[in-house]
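Encoded as structure tokens, here's the structure I'll be asking about.
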Amino acid sequence: MTSLDDRLAAVRDGGRHALVPYLMAGARPDWVRLFEAAVAGGADAIEVGLPFSDPMMDGPVVQEAALAALAAGTTLDSVCATLGSLDLGVPLIAMTYCNVIYHVGLERAAGRLREAGVLGAILPDLALEELDEWAAVCDAGDLATVLMVAPSTPVERVARLTARSRGFVYAAARMAVTGTASGLGDGVAVVERVREVSSVPVYMGIGIATPEQARDAARVADGVIVGSALVRRVLDGQSAEDLESAVRALREALDEM
Amino acid sequence: MTSLDDRLAAVRDGGRHALVPYLMAGARPDWVRLFEAAVAGGADAIEVGLPFSDPMMDGPVVQEAALAALAAGTTLDSVCATLGSLDLGVPLIAMTYCNVIYHVGLERAAGRLREAGVLGAILPDLALEELDEWAAVCDAGDLATVLMVAPSTPVERVARLTARSRGFVYAAARMAVTGTASGLGDGVAVVERVREVSSVPVYMGIGIATPEQARDAARVADGVIVGSALVRRVLDGQSAEDLESAVRALREALDEM
Amino acid sequence: MSTMGTPGARGRFGEFGGRFVPEALMPACLELEGAFAEAWADPAFVAEFHDTLRLFGGRPTPVTPLARLSERLGLRVYAKREDLAHTGSHKINNVVGQTLLTRRMGKRRVIAETGAGQHGVATATAAARLGLECTVFMGEVDTKRQELNVFRMELLGARVVPVASGSRTLKDAVNEALREWVTCVADTHYCIGSVMGPHPFPWMVREFQRVIGDEARAQLEDLGVGVPEVVVACVGGGSNAAGVFAGFVDTPARLVGVEAAGGSAIGHGSPGVLHGMRSMLLQDEYGQIEEAQSISAGLDYPGIGPEHAHLAATGRAQYVAVGDDEVLGGLTLLSETEGIIPALETAHAVAWVARAAGRELAPGTTVLINLSGRGDKDVAQVREMLRGDA
Amino acid sequence: MSTMGTPGARGRFGEFGGRFVPEALMPACLELEGAFAEAWADPAFVAEFHDTLRLFGGRPTPVTPLARLSERLGLRVYAKREDLAHTGSHKINNVVGQTLLTRRMGKRRVIAETGAGQHGVATATAAARLGLECTVFMGEVDTKRQELNVFRMELLGARVVPVASGSRTLKDAVNEALREWVTCVADTHYCIGSVMGPHPFPWMVREFQRVIGDEARAQLEDLGVGVPEVVVACVGGGSNAAGVFAGFVDTPARLVGVEAAGGSAIGHGSPGVLHGMRSMLLQDEYGQIEEAQSISAGLDYPGIGPEHAHLAATGRAQYVAVGDDEVLGGLTLLSETEGIIPALETAHAVAWVARAAGRELAPGTTVLINLSGRGDKDVAQVREMLRGDA
């Protein structure tokens, strides 16, 4: 069990649906302040976007944030340095692409992240078939490898993915890249497929944007991940306070459950 | 013997080198006046250009004159009507392309020309191999078919061409279309080749422009044909008097011989 | 002579053909006639010709069954793919033949006329390969409309001479090439671009192009189709049509030549003499040549090869016309259904088949279309036209 | 596996290759791997593939002996003429294979990325022929630079989507195609344009392209040349090079891949992960991908197929780079001496041979250049550049 497993199990055990906002590190000069606002708004964990030039699993909003972050000189090191000097009080889960990690070297990258207090990592372009090396490094370094299950994932594969996912299983609500959408798409079915083979926490994401969607998702899932809807606000220049309210609205919807 | 043979034999018998200006019928509204000026300047015959849209044996000057004539509505009929009402006092030799004649019909075309007082015709695109039909019509109608011998014509062919040419043999001074040039090119050799096989009059043309060239040509030839140099003057808008002087200059050069 | 056989010494196809050129050119025409007859009877030359087409020109080009077009039209349509030949049309067959012959005659240079530039590019190509000097005459209007083809020829080492006389288009480029030829016939061959001009050109070019029909005949046999009921080709000067017809003239196949409505020498012309040949021509009541009008530069010619005039006169081939408006439909139809963008010239043949399907062509009729060339050269123009429509 | 043999289940070529895609796409990649392996082992599919290439694609393309270029360079140079394939380059081989496979998998639609438009046009072509729906992603910068290719695709019935993300060129078109694929993978195949992307693409595309090398090997045998000493191809993603190398990898022939100096993933790159594969990439010190820079859009890619990265690592193939300045020389050289205007991509290979002649390539060396495509698409650009020089 990784530390992330522990922390997220505690959330579930507390009877709470986890709220995991996705925010891009470095997208704005005041990005740390935004992260704090998300926590203040009720986040249980934060998915920390580390920018990559070619984010193939991301839609236009996250792409734009990544470009902004890169233009501002954001690097794995710069983000880790900043995060390492803080305690946001919730688990952090890095989300980036293989090349950012591979380029630094798996062990070094994992070490950096863990030193900075990051407890998990999502590499959406790291397929199960390519996982071994990274998983070994992560397991050795207490970094949770969060894996995604998609609507297209066949049942036998759901079991294998779930077995190897740490912290939680990321249930993709639809066949799409990150963005905003309406409804839950195939999310319920995906969550149910995971439930059939495992009791690990399942968080739903991809296209979850509004408090209503979050609440609906929480009827089946243990948590929700909300990315583009929040990142959009960041890119639009909304204040930390506005972001905090937006997160709080999601929080309240979840807590209604 | 055609009437043209008689008329040109008379010129030669008179000890005179024939001067044959080429002028385009219809190139200017006052074209008849220009023809008269050429006669006044000392022409022994006139080569009457009948315009064709695609004159493949003509250089830019004669092409331009043809286009001007066509634009003015010049046709075989219109030229024949005009010429038929005149007596220029010298033999006229039509120069045009097969299609103008073929389109009207060979017999009709020959009849028209002869009625208009034209004594000969040069169709530069009518090859020896295609001559029979036209020659028969011309012979029957006392219209002289003037044939050309070129520098490229092999000796045996010179004999055949010469035997079938009426009035005179047109000795092309060079491998070129009509235009102005300097010197006599291969003209002397061509004339000599004709002389070897026949005693018919031989006139040299193609690129003969100046009195000096005319005089030099007349050292070997029985006459000279001067086209583009005169047509240029017509296109440039020179007066009939100027044209007459130009022809006279040629005349005097020939008479010096 | 038998239909599409060897013409006699006068180069006549019935009342058409012959040799109407200045005496200065006659020796060259005679030399060429002898040289071609001799070369064409020489297995070594024929082998060199076919080897060059194979190793350099991309022959054999396939016959493609057009399944989706067939379904759409209710016919069984096949295409002979001259668009796949080097430089993008059947023009290469002819220029490979003529440049090899040029070398064989000991000449060091070729000249050519071109309209849109296809034949000019092909000639420059074949000349470059043999290291022959090359000059191409092109109407001034066309050099401007087809700047890129001018540049292509220059890349291939040819000199392009803009022709400012007459209508400054193809017809005048031919005139100018003939005028130039007079001046340099001793060391220069005039590589004419279609089955036109004085004897032996119409015969020689047809013989160099008959590889199209001969191949297609055998290929349709191999495909189990046998002899098609109809063979269709567009006709400008008529070389691609003559080439494909030659392979089927001795079969019951109906032969259809498709002219541009605005350049329809058979449909609207009358007999006359131009560019060294007697043939059907667009001309006015005085025998002045009229300009053809077509959206496809390659069909923009007021005459037609004399053998076609003869095939029309005897009824062995039928000539139809397609208007500019139908042509775009033919082009888009083939593009969408089969993934082949034809040249605008070629699209005339497609358009006629589409129009005739279910009418003159009964359902299920087997049709071979000669796809004379690819449309890449025309894409910019088609785009303008489709935009203009919109 | 043997060199250029079948990769194992992980799709690795040494340390390169693999599958780095979102889980949403993994089932499709696995399905594709299975479907391709099964189809490629099915003689009926293989026959359909080769028949289509023959009847529709214009194969076999010839190997042309380049006599005048050989004399000029003091080498014995032969060219494999992919420029004669339908749509003007080797790209057709791959798309014919992938569209047939699409239909076999019961999918009704293809998507593709394209840079200059060659692969997009080829995909639209093959899709039109089978009646598959087709969407092509193209960087917004490229849609403007290559308007005519956009129109070509539209004529062929494809929809072209301008990609406004990132650098708005090829690299981003690939990203966007992958993103789109996530949304429609159930009924849509991603027809990738080179030996790149996740397994099984690099393997599959190489297999579809190996027809180049297999044909060339037999043709050089027929010509009495035997195995050439050197086989040269330009490298963008590396599909034409992989295709020709595959035919000679088991011979002593030296294999040379020519990259654009500004897109030299082997020369200036380092290992990394992009577009679903681990390979050599142009990237900065943080692993952010850098933009490639080349006058030829088809070589303007910051990566290279993983098998090439492996061939370079093992030394079986050698990769060299040619700068933009040399490329024009290569293009004009081949045009003037042989009457073949090559694509700018292809001109890199010619330029390297010209540079190496008499140096790395001893006089008399037998060289096979893979002439991956024709230059028609580039003529306007070359004209601008040569004018700029003047």
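All chains are identified by letter, namely A, B, C and D, in their written order; residue positions are counted from 1 within each chain.
One rule holds for everything that comes next: contacts are C-beta pairs under 8 Å (C-beta built on N, C-alpha and C of every residue); 3 or more make two chains touch, one makes a residue touch a chain.
Please read all numbers here as calculations on a predicted model, not as lab measurements.
Asker: Give me the set of chains touching chain B intersected with the set touching chain D.
Answerer: C
Asker: Starting at chain A, what is the smallest number of hops through touching chains needed to reach chain B?
Answerer: Minimal hop count between chain A and chain B: 3.
Asker: Need the most distant chain from chain D, centre defined as the mean of C-alpha atoms.
Answerer: B
Asker: In whole angstrom, how far does the Cα centroid of chain C sit from the Cα centroid of chain D?
Answerer: Distance between chain centres: 34 Å.
Asker: Taking each chain's centre as the mean position of its Cα atoms, how many Å separate chain A from chain C?
Answerer: Computed value for the inter-centroid distance: 66 Å.
Asker: Taking chains as nodes and touches as edges, what kind of graph is this: line, ring, star, complete or other?
Answerer: Per interface graph, the chains form a line.
Asker: Could you list each pair of chains that touch one another?
Answerer: Those chain pairs which touch are A-D, B-C, C-D.
Asker: Hey, which residues of chain C end up touching chain B in the complex?
Answerer: 9-10, 18-29, 165-166, 171-172, 175, 178-179, 182-186, 198, 270-276, 278, 281, 283, 286-289
Asker: Mind pulling up the chain A residues that touch chain D in the complex?
Answerer: Touch list, chain A to chain D: 52-60, 63, 67, 70, 75-76, 97-104, 124-130, 147-154, 157, 161, 172, 175-177.
Asker: Which of the residues in chain D end up touching chain C in this complex?
Answerer: Counting only chain D, the residues touching chain C are 54-56, 58, 61-65, 68, 81, 83-86, 88, 124-129, 131, 147-148, 151-152, 155-157, 331-332, 335-341, 376-377, 379-380, 382-383.
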